[in-house]
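Labels run A, B, C, D, E and F following the written order; every chain starts at residue 1.
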Amino acid sequence: MSEKTLTGRIARDKIRLMQVPRPPDGVVERFKRLGDCTGVISDTMDELGIAGGVIGASVLRPTMPGTVMVGPALTLRNILQRIDPLQGARDHVNRMAEFECHNLATPGDVLVIQGVPGISNMGGNSAQTGKRQGEAGAIVEGGVRDVSHQRAVGYPIWASDITPVTGKWRIEAAEINGPIVIGGVQVHPGDLVVADDTGVCFVPRDMIMEVLEHAEKKARSEDMRVKAIDSGVPVPDVLKSGE
Amino acid sequence: MSEKTLTGRIARDKIRLMQVPRPPDGVVERFKRLGDCTGVISDTMDELGIAGGVIGASVLRPTMPGTVMVGPALTLRNILQRIDPLQGARDHVNRMAEFECHNLATPGDVLVIQGVPGISNMGGNSAQTGKRQGEAGAIVEGGVRDVSHQRAVGYPIWASDITPVTGKWRIEAAEINGPIVIGGVQVHPGDLVVADDTGVCFVPRDMIMEVLEHAEKKARSEDMRVKAIDSGVPVPDVLKSGE
Amino acid sequence: MSEKTLTGRIARDKIRLMQVPRPPDGVVERFKRLGDCTGVISDTMDELGIAGGVIGASVLRPTMPGTVMVGPALTLRNILQRIDPLQGARDHVNRMAEFECHNLATPGDVLVIQGVPGISNMGGNSAQTGKRQGEAGAIVEGGVRDVSHQRAVGYPIWASDITPVTGKWRIEAAEINGPIVIGGVQVHPGDLVVADDTGVCFVPRDMIMEVLEHAEKKARSEDMRVKAIDSGVPVPDVLKSGE
Amino acid sequence: MSEKTLTGRIARDKIRLMQVPRPPDGVVERFKRLGDCTGVISDTMDELGIAGGVIGASVLRPTMPGTVMVGPALTLRNILQRIDPLQGARDHVNRMAEFECHNLATPGDVLVIQGVPGISNMGGNSAQTGKRQGEAGAIVEGGVRDVSHQRAVGYPIWASDITPVTGKWRIEAAEINGPIVIGGVQVHPGDLVVADDTGVCFVPRDMIMEVLEHAEKKARSEDMRVKAIDSGVPVPDVLKSGE
Amino acid sequence: MSEKTLTGRIARDKIRLMQVPRPPDGVVERFKRLGDCTGVISDTMDELGIAGGVIGASVLRPTMPGTVMVGPALTLRNILQRIDPLQGARDHVNRMAEFECHNLATPGDVLVIQGVPGISNMGGNSAQTGKRQGEAGAIVEGGVRDVSHQRAVGYPIWASDITPVTGKWRIEAAEINGPIVIGGVQVHPGDLVVADDTGVCFVPRDMIMEVLEHAEKKARSEDMRVKAIDSGVPVPDVLKSGE
Amino acid sequence: MSEKTLTGRIARDKIRLMQVPRPPDGVVERFKRLGDCTGVISDTMDELGIAGGVIGASVLRPTMPGTVMVGPALTLRNILQRIDPLQGARDHVNRMAEFECHNLATPGDVLVIQGVPGISNMGGNSAQTGKRQGEAGAIVEGGVRDVSHQRAVGYPIWASDITPVTGKWRIEAAEINGPIVIGGVQVHPGDLVVADDTGVCFVPRDMIMEVLEHAEKKARSEDMRVKAIDSGVPVPDVLKSGE
């Protein structure tokens, strides 16, 4: 089979994987059925001895509150160019490569960008393109822009900054589908991203099934506790229910 | 009368008061009738010579914008445990005591937590339990989680952080109903909490009536000024109305 | 023509201009027709070699998301008083002058305040008065208060802080319609302010027409790209459309 | 034996211990013989599974670089008063209690203060008194002042802030010899403090001997590696020496 | 008498005073005799009801530790230019005016700059010129550079940042000898600056004698306390000595 | 010629260059003869249109003030591991590779580490080894430890953090001699590092000679200005000398 036509925005040898490893069939749907579950997944990873991997929604703020997003990570690392951006704007040489990511995306992927703060790593057209390619949405440590356009096309983003300043003449893509660091957490392509109004969890690729099964059990026990509270059991007994 | 059954999450001698002092009858309702009044109350405390006691909504952000909350403070001080949290998760020893607070709460209380940043000091089940116990809501300097659940049960929180990371194996309760510090403000159990979209005020327990009466007068004078503005009086005259 | 009656809150010689220079007729409407355009305007200024002038919405947060605001800047610089604010509250000497700005405002003006952080530089009555005077809204680096009142009267603000603490006894107005600095950007009276959910742009007064015409062209080319994306052209070709 | 005469600056029931537990004889000297050893002790605590307990010198900066300090912690927790400090200065009611700590100190103790930022928690006379009482020095999360006086009397402090602003009318002592939190680390009275130019370690009271013996072994192995480097062994072999 | 020849770096009408008001004769020497006295002066201002005016040495760090500096403030307010600095460097138009300040300085003045962070507001030649003109030194909120040169000529500076990046094409002088804000403190020309290793105090011009006399009394009482400590009086009695 | 024996701490394919490109002969000495020259070099890069590349000494603080360091960059990028560090300490698997850098170093190289904050990226043995290998010193964005040992062996470092916490079980090396980002500046292997008490400059590899020659001219003109100041020329004329 012939390889995909590339955009050329980043050298071919800086794309470490052409496709992100897929999670097992049905996994995304089962995670979604857990609802707003980043708390349960964070607890599960604690209990299974999986370190780190959780970032709060006051650090990576959702642009579309109320959304739950689940999917495998397609990773991009951006760094600052070392140029005069006004000269760059005149020369019009764009070194961003998140469109290459959209080009490579498999439906359901979550674009995860280790970006640059105070500068947009992704705008409205980019979100619209990601949406069309079937991506679930994006996680961006750094700035994004055109948030109204992004919301209008229904492409949710958890981002640390919002700013109109373009990255086109300021940022360059360093690597696609290499390991990246988001909020102090190492993320690999294919790690499962789970995001809701409370924050973002990154589940290591080879622990996805174990985390899912443990989390489903916890969620059932949580449901029992919710009912116990509703039924009026005394507070000391609530603590014993479902722990 | 026999003492309440406790949850045992915190040593009995670290609970300084079993019940928060109540504000005079009708006071909460009169404060609520003032509407979005943290500005008026802050001004009143300035004018009465009561220092500090005011924190902005960009520091303690409301999880349910549009809510006005009034009630006496039930205080909790949390500190970090000194353990490996992954070991703690295996050992499953939970040292948080905000459920003890729910247990002790009198309807109308506001739970005020001097918490730990970047870690959840209160989750969805806890909010649901607080709601059931009749609490008005909570103020948390530190993280909270399960914000969708908290909103769904109608338990408003003003918090500095939102994060999925549990405090169960990371935090321990140091004291209930002792003096605490929130945003640089010393708060005592029974101080009256007033919170709206602009921020949070803590009215010292023994100044509640004085503040209320002064604030009611100011609110009437504010109403006159609002009408003066609407009626088109020249700007220099607006400044004279109701000051 | 006789000069306006002043409020006296600031010495006459600290008001550098009694009226802000007007943008050419029809300009505000044409900018507004561009929609959520801070991204396009930021790119335009880059391409025309106009440095700086752009601040993100995660720094200056809109109090009324979904609003697009355009108008010439009426500038105010506030500084801290050096007094004991509780003494000031007793003495009741108010040194804020944003009401003088409302007094001087021409319909369509945007009040831009280089304010003091953690203290309110503008409250609900002030917003109501600004609205009545026909202002488009405000940009405040520093605190504002009474945000519910401000929203109720339909006066949008992009501000860095929200807090109930009054500036009346804490702040003094240093200058009206002098040059100010907002988010590291020098702003002059009459510079055109454009603000949306992504952030705020300040277009230098003598570049307004040039920026507008360039931005209108870019917006058309953006529209073509949006259509190209919708029509399903391959990603590498999207990048070529409309650049 | 009769109890010590107290200064009365803090209520007697807020002093949890009248004397800090002593480390075993000779332990302080053995730690001191390790030299600049916070790195070795931090590694030792990692290897023994003791979580946390280490803070860097860019957070708690030494006022007397080149000093190594070892001793058991005498703890003090300070909080902000809620008053107008200028009123407090007129009324002259001093609520700080670090002199009570000096009063209680046993020679060799290290005063560890969970203090208030931006305000002095300890000045020159206090340092001079601590020195006279035989204290080894202090660790202060918060401000200190009169650093020249403190250096002149030879009382080393690792502090986060330096400021002339007195705490006398701003701070009150909440507790002596209770658990405190320094740089996110829980510290108990009697925990062993070790501080040098690289930072501060807190060794839990009941692990002191275990840490010491392990650290002495590591230090010997470090010496061997230092010699291996000096003797010119190839870099890949350096890594194998003494690990 | 003819006016001084100006450098022309700033418009004449932005120089509010050609000479800073002098403190009474002998005052500077008497303050200097107090030694490292910012603590005493801060306390004195508290006791006399003079609000604010004190900044810690961890915010404004001394470039020459061990120095005590006293003198009246000559003020400068710098703001960012709005240009492409690389274009500015080509065009070589320098808009900084701290040399105008040196030009206007009377021996003994302290140059106090409300500067720009992360950019140099004053370099080595500038310090050398200030020294030659007889200035006591400088206070800079913002960056300075060439610190070795500055130390070599014996011109002490308390600055918040150190950086090689020039302000020549990035900064412009907005005003000389107007009111400025340093660390949240309003400073006027002629206010007395006192700086040592603990921090910086600004004494309002019309309170200089009152502060001096009060401070001298306090210093004597401090000396008594220092002796009391040395002489071994019990700690509870130390607190009573000289307060 | 056979390739160097490697330490194996990092996969061979993550070492992008086995040796850093050398600057032309004599260049390092000529830069050193310029003295404390980061200001002059920063100005030169501005004037030659070379963007960025300068970081202040209040961000990257020198561990050995008074040192001037010049040499080509050998780059290392570190990232956080995703493990429980206490588990890592038990398992004793060290993934740091700055020793591999020492192994690869050519005398005169400067090790430049894009490190991890709050954790040591380089300790005393590492500095001693770097010194032995002839390195000029290091630049570390992130923590370092054992600063006394580092000073004792005469290995200067400009670092953002100092902390005893080891990176051995917390950090892993991602790449050697790839492009890195330090303080927002993109640095490539072979870029010339110049560091003094005012800060750090990175001169792009292919601009070294041009920058040197321009800087030498500027330094001569600076000398003339220094003499002009000493000789007492009026301030307005100082500005004209040597600009």
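Assume contacts are C-beta pairs under 8 Å (C-beta built on N, C-alpha and C of every residue); 3 or more make two chains touch, one makes a residue touch a chain.
Computed from a predicted model, the values in this text were never measured in an experiment.
Two copies of one chain, chain D and chain F, touch each other, and the residues they use overlap weakly: the shared fraction of interface numbers falls below half. Relative to chain F, the most remote chain by averaged C-alpha coordinates is B. Relative to chain D, the most remote chain by averaged C-alpha coordinates is C. Remark: rotation between chain A and chain C after Cα superposition is 120° (nearest 5).
Computed from the mean C-alpha positions, the centre of chain B lies at a distance of 34 Å from the centre of chain D. Distance between chain C and chain D, defined via averaged C-alpha coordinates, is recorded as 49 Å.
Put simply, the C-alpha centre of chain C and that of chain F have 42 angstrom between them. Counting partners per residue, chain F has 49, 51, 84, 86-87 as the residues that reach two or more other chains.
Chain pairs that touch one another are A-B, A-C, A-E, A-F, B-C, B-D, B-F, C-D, C-E, D-E, D-F, E-F.
By the touch criterion given at the top, residues 49, 51-53, 79-84, 87, 174, 179, 181, 184-186, 204 of chain A touch chain F in their complex.
Those residues of chain E whose C-beta lies close enough to touch chain F in the complex are 5-9, 61, 85-86, 89-90, 92, 94, 99-100, 102-103, 118, 120, 123-125, 128-129, 132-133, 143, 145-149, 160-166, 168-169.
Touching chain F in their complex are the following residues of chain D: 35-36, 38-39, 41-43, 46-47, 49, 51, 54-59, 66, 196-199, 201, 222, 225-226, 229-230, 232, 234-236, 238-239, 243. Touching chain E in their complex are the following residues of chain A: 84, 86-87.
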